[in-house]
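Next up, some structures in structure tokens.
One chain, chain A, appears in both complexes that follow, with chain B as partner in the first and chain C in the second.
This part shows the complex of A and B:
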């Protein structure tokens, strides 16, 4: 079919890149935003704008909250079809309590898992979650959406399309094809080193787009490769679900075997027991870490088989100063506080896994590296965007002659996924500032309204993109690009202004106080707005120069 | 030296290193120094300088962070430096001239 190897690679690169590029650019953009997910949360939930806190006292603060927690309506709705008969009003049998925090979290997310009576699968659990101020124990309202960690971040890996995990599979397939696109791209590109630093904006649009596509693809090649690959590693359990399909018996056997080896009970004893002071266990864990020269804070704390004689408490050190998320787990018998086990150092395979997943999830403290990740992610977006533009530039005149609308559809989808996605993100943040504190009766919850605003804005941007790309069918530039850039410029200023009006936190104050989570979010949006304005101006100039160049020729044609 | 300063130096050295490597390519040499071709000996020394600079920045990164973290910082800073050098060559090529101040005009 195709004459040689390079051409067949080009075919794969073009068509898979085009089809999945629309997914990948969303993954890259919201992945870049997720580097600062906690900071976006602070922007979106003004009540949480205070300094990060360490894990609070379990005995005094966390325990009463855990005891008070119950699954929320959405968890109940999710679990209802998994049960024979009705759900109980109150879930009494607690399987586990847990809390996870990092050096960037002022508020603490606590979660509890309960046994579900009469469940079709006896291993079914139902979860409760609550976010609290660790200084006072006061709960944040349940309808508050953490826009960064609760929406942009899941959007990055699942498109928030949870039905049968389809979103994960789409993103996973896109990541796999991203790896293919990198390999095929390298094969197609003959002058990787000679043209590594080459960008020629004064050549034709087609040439300069290809330059930028190559530049952004090649300079960040290790980043693109490792992030696509480690993303797949993180969700390997979803993509290779053998532990819960073909090998489920082996998996269950392994769990029991592992429990025997570690001495940490797999099942509850069925005998109630009191719980010793967990604060004392935390103190002991920290003493042991310090003894190893690894003094640190608690990152993850978990209680298994709560209230049972087989209950145990696991305390993990926060991975603030390393790539691994947490580590150095120490396990205590819940009823006595005696150390049952100290996790041995991870094996070589374990270390590699920790490195690969940790480098992607980045819960460490390294602001320079975080920003470099944002740069890598945005370079990925630029690479995919210029890929679309190159595709359109290469074909639009030919398509115009043939009367085909292929280039126009690709351009419209390009506008939708690039500028439209940014408009949707800004629209969501603006909705976050404008919606009433508590939604009136009969309305969806506030957090759900914010999500609807996000998707609604995106649909409007898409409609605009399809409407205003008509000139592409005649071989010209679509005005949709310029108009959506202008929209980004306006919304990117509106959001920080609304933040100021609704919370009083203007830039002079946040920068003056050194409160960078909110100042950084505002500055990022303002910079984006300025760049969008610049892009809109350049597009305007280009459209005008094209018209003046074309006019004499057209007049001559008329004459 | 405080860590932040050391990382800043590492970044600057990475940009210089990528700049030297770029200048060892004929087209970019012309962008910075005009038509006269770069003598082969200079090309070689530019490549050596570039490599030494990149190794130096890696060492600086390793002095600040653990090896696993430092390797990530270094790889990403090389990517960032390449972008800076490429765009400088596009819009302000002469700004890279000080990197080859010792060579005869």
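This part shows the complex of A and C:
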């Protein structure tokens, strides 16, 4: 496009990196937090602060809960437009029951899918969900939001913008642009190895920002490429839904063929049947895993065609010590408990796919790697942030001269998506500690209120960012950065203090008890607060020194 | 940076080629790859995964090529032509084996 290849790639890097960087930084930040999503859940739901539990007894504990479950109002509201006529008060035709747990889950999430009578598309299902204490079967209130796995995590891959999957598409395009930015970034800088050791903080802001941009980009280059790429692979079915559109005939043919080959019925028989003991099936599955030298816990348990003669129970081994989320599936006839099929080892392609997606999702046990993921994600944020700052530093004086507000707008959006995003996350956690246990009548549910607090805080931070970046238009540093850093410092201390006040779990107690999910969340916020304070101080010093240094020069210029 | 030499229509054309042309071409490639692999007796979901993995890397390459190529018209021709040919081939294979 331009005179030469390198210049064209630099153009793509600058403009696509800038436009999608605002999305990418959000994806990287909430991805980093999602590495500890379940630990954030413990912080946000004090009733769930106990040790992780294995999958409980199906016959005694889970089955009565499953039988009692019904879709919640939000699922009903979602399904209502997909049906001719009104929704039934009670959904009786259960298609499947399921429960998934990992080595980090104290509470168990159970889900049930039901046939929807009179649905416009007969394949439509409606889902019910419940989270229980697996020791007692007691349900957590349905309005309790799992802030980590139920909000920060979906924010990471969908921006929680579900209408027509638009959020997924924005994040997917941003991920592709991350790959583009990495390749073009490498093309722009021939001396890749040298970038690893180059940081000159005492040079101009513009130069040191570029050093830091290159350093953070190069040092975690394989990490960034891998995560952006595997993120796309995980949702390939959304981005290229070919098996459900153009080639749906092949997909359907495969399903029928597979049902014949595996003997696992694709459809219910329409004949009611009783269910044998699932606990006995679990025992048999575990015996078979142990026999293969891979004794383990149940990660995923599913019952298909519940109450039907074609019903079957699938039991999968938790991937605590594997990259794949679950594996070694064994399927039993629900009515008799006879083994119908043991899954064969995955194919080569299946293994590649499990490796790519499993390493991204990381449900296995490896705490060091878990922390390296956080570090890699935050390096990504730093890389994108320094990219914004370099863009602004490079142009702000020129824009000031031309009277253009381009640099200011970029700076304001940078403040919004970096410090503003952190303020929003902290604001949500603080709201989580301050909102009443049960919202009064007429108010939204507690979990919804927490989400509104998140978005509300973010909008306020954005307003502040646009207001307090005015000096950029005159070629100076925006006070918005320093002020929002101070806000992070205050909120980052307030959240752990509120956790202490409202639950009694202060750091001495959580660390003393070795209860790291909550201690870790508190320490992470306190560390963030300390770093934010440090950054605010540095910015303050720099702003003051700029004034004393620049004033005489300005006056001389005027003279 | 010497941005003065880029015309607005060139940017628009290349961006559209990179995003939509690239998407259409990748769709065609994945559809063709899936149909061909299934026809060659590969398991359906394996074919789906493998072609997606390859597809995203191809999309990335196309995206960059759309900005690097000297002649954008040729890029358009290859992308649209390739998309149509491969998607039609996928259709043909599908009809043959179902």
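In the analysis below, the second predicted complex is superposed on the first by the 552 of 559 C-alpha atoms of A that agree within 3 Å, B and C clash if a C-alpha of one lies under 4 Å from a C-alpha of the other, contacts with A are read in each partner's own complex, and residues count from 1 in each chain.
Just so we're on the same page, a contact is a pair of C-beta atoms (placed from the backbone, for glycine too) under 8 Å apart; a residue touches a chain by one contact, two chains touch by 3 or more.
From a predicted model like this one, the values you see are computed outputs, not experimental measurements.
Participant: Should chain B and chain C be called a clash or a fit once both complexes are overlaid on chain A?
Facilitator: These partners fit in the superposed model.
Participant: Touching A:220, do we find chain B (first), chain C (second), both, or neither?
Facilitator: In the superposed model, A:220 contacts chain B only, not chain C.
Participant: What is the contact status of A:65 with respect to chain B (first) and chain C (second): first, second, both, or neither?
Facilitator: A:65: touches no partner chain.
Participant: Looking at the overlay, does A:301 come into contact with chain B only (first), chain C only (second), both, or neither?
Facilitator: In the superposition, A:301 contacts neither chain B nor chain C.
Participant: Return first, second, both or neither, reflecting whether A:198 touches chain B, chain C, both chains, or no partner chain.
Facilitator: The answer is first: A:198 touches chain B but not chain C.
Participant: Counting only touches as set out at the top, which of chain B and chain C does A:415 meet: first, second, both, neither?
Facilitator: Neither chain B nor chain C is touched by A:415.
Participant: Which partner does A:379 contact after superposing on A: first (chain B), second (chain C), both, neither?
Facilitator: Only chain B; A:379 stays clear of chain C.
Participant: Kindly classify A:176 by the partners it touches after superposition: chain B alone (first), chain C alone (second), both, or neither?
Facilitator: Only chain C; A:176 stays clear of chain B.
Participant: Can you tell me whether chain B or chain C touches more residues on chain A?
Facilitator: C
Participant: Per the contact definition in the header, classify A:359: touching chain B only (first), chain C only (second), both, or neither.
Facilitator: After superposing on A, A:359 lies in contact with chain B but is clear of chain C.
Participant: Using the superposition on chain A described above, determine whether A:251 touches chain B (first), chain C (second), both, or neither.
Facilitator: A:251: touches chain C, not chain B.
Participant: Note down the smallest distance between any C-alpha of chain B and any C-alpha of chain C in the overlay, whole angstrom.
Facilitator: It comes out at 18 Å between the closest C-alpha atoms.
Participant: Which chain A residues come up in both lists, the one for chain B and the one for chain C?
Facilitator: Touching chain B in the first complex and chain C in the second, no residue of chain A appears in both lists.
Participant: Please give the residue numbers of chain A that touch chain C in the complex, ascending.
Facilitator: 1-3, 5, 7-12, 14, 173, 176, 179-180, 183-184, 229, 232-233, 236-237, 240, 242-243, 246-247, 249-251, 253-254, 347, 349-350, 352-353, 356
Participant: In their complex, what parts of chain C are in touch with chain A?
Facilitator: 1-3, 5-6, 10-11, 14, 19, 26-27, 30-31, 34-35, 38, 42-50, 52-53, 55-57, 59-60, 63-64, 67-69, 72, 87, 90-91, 94, 97-98
Participant: Within their complex, state which residues of chain A touch chain B.
Facilitator: Its residues touching chain B are 193-194, 196-201, 215-216, 219-220, 222-223, 321-323, 355, 359, 364, 366, 368-369, 372-373, 375-376, 379.
Participant: Spell out the part of chain B that touches chain A in their complex, as residue ranges.
Facilitator: 7, 18, 22, 25, 27-28, 65-66, 68-69, 72-73, 75-80, 82-83, 85-87, 89-90
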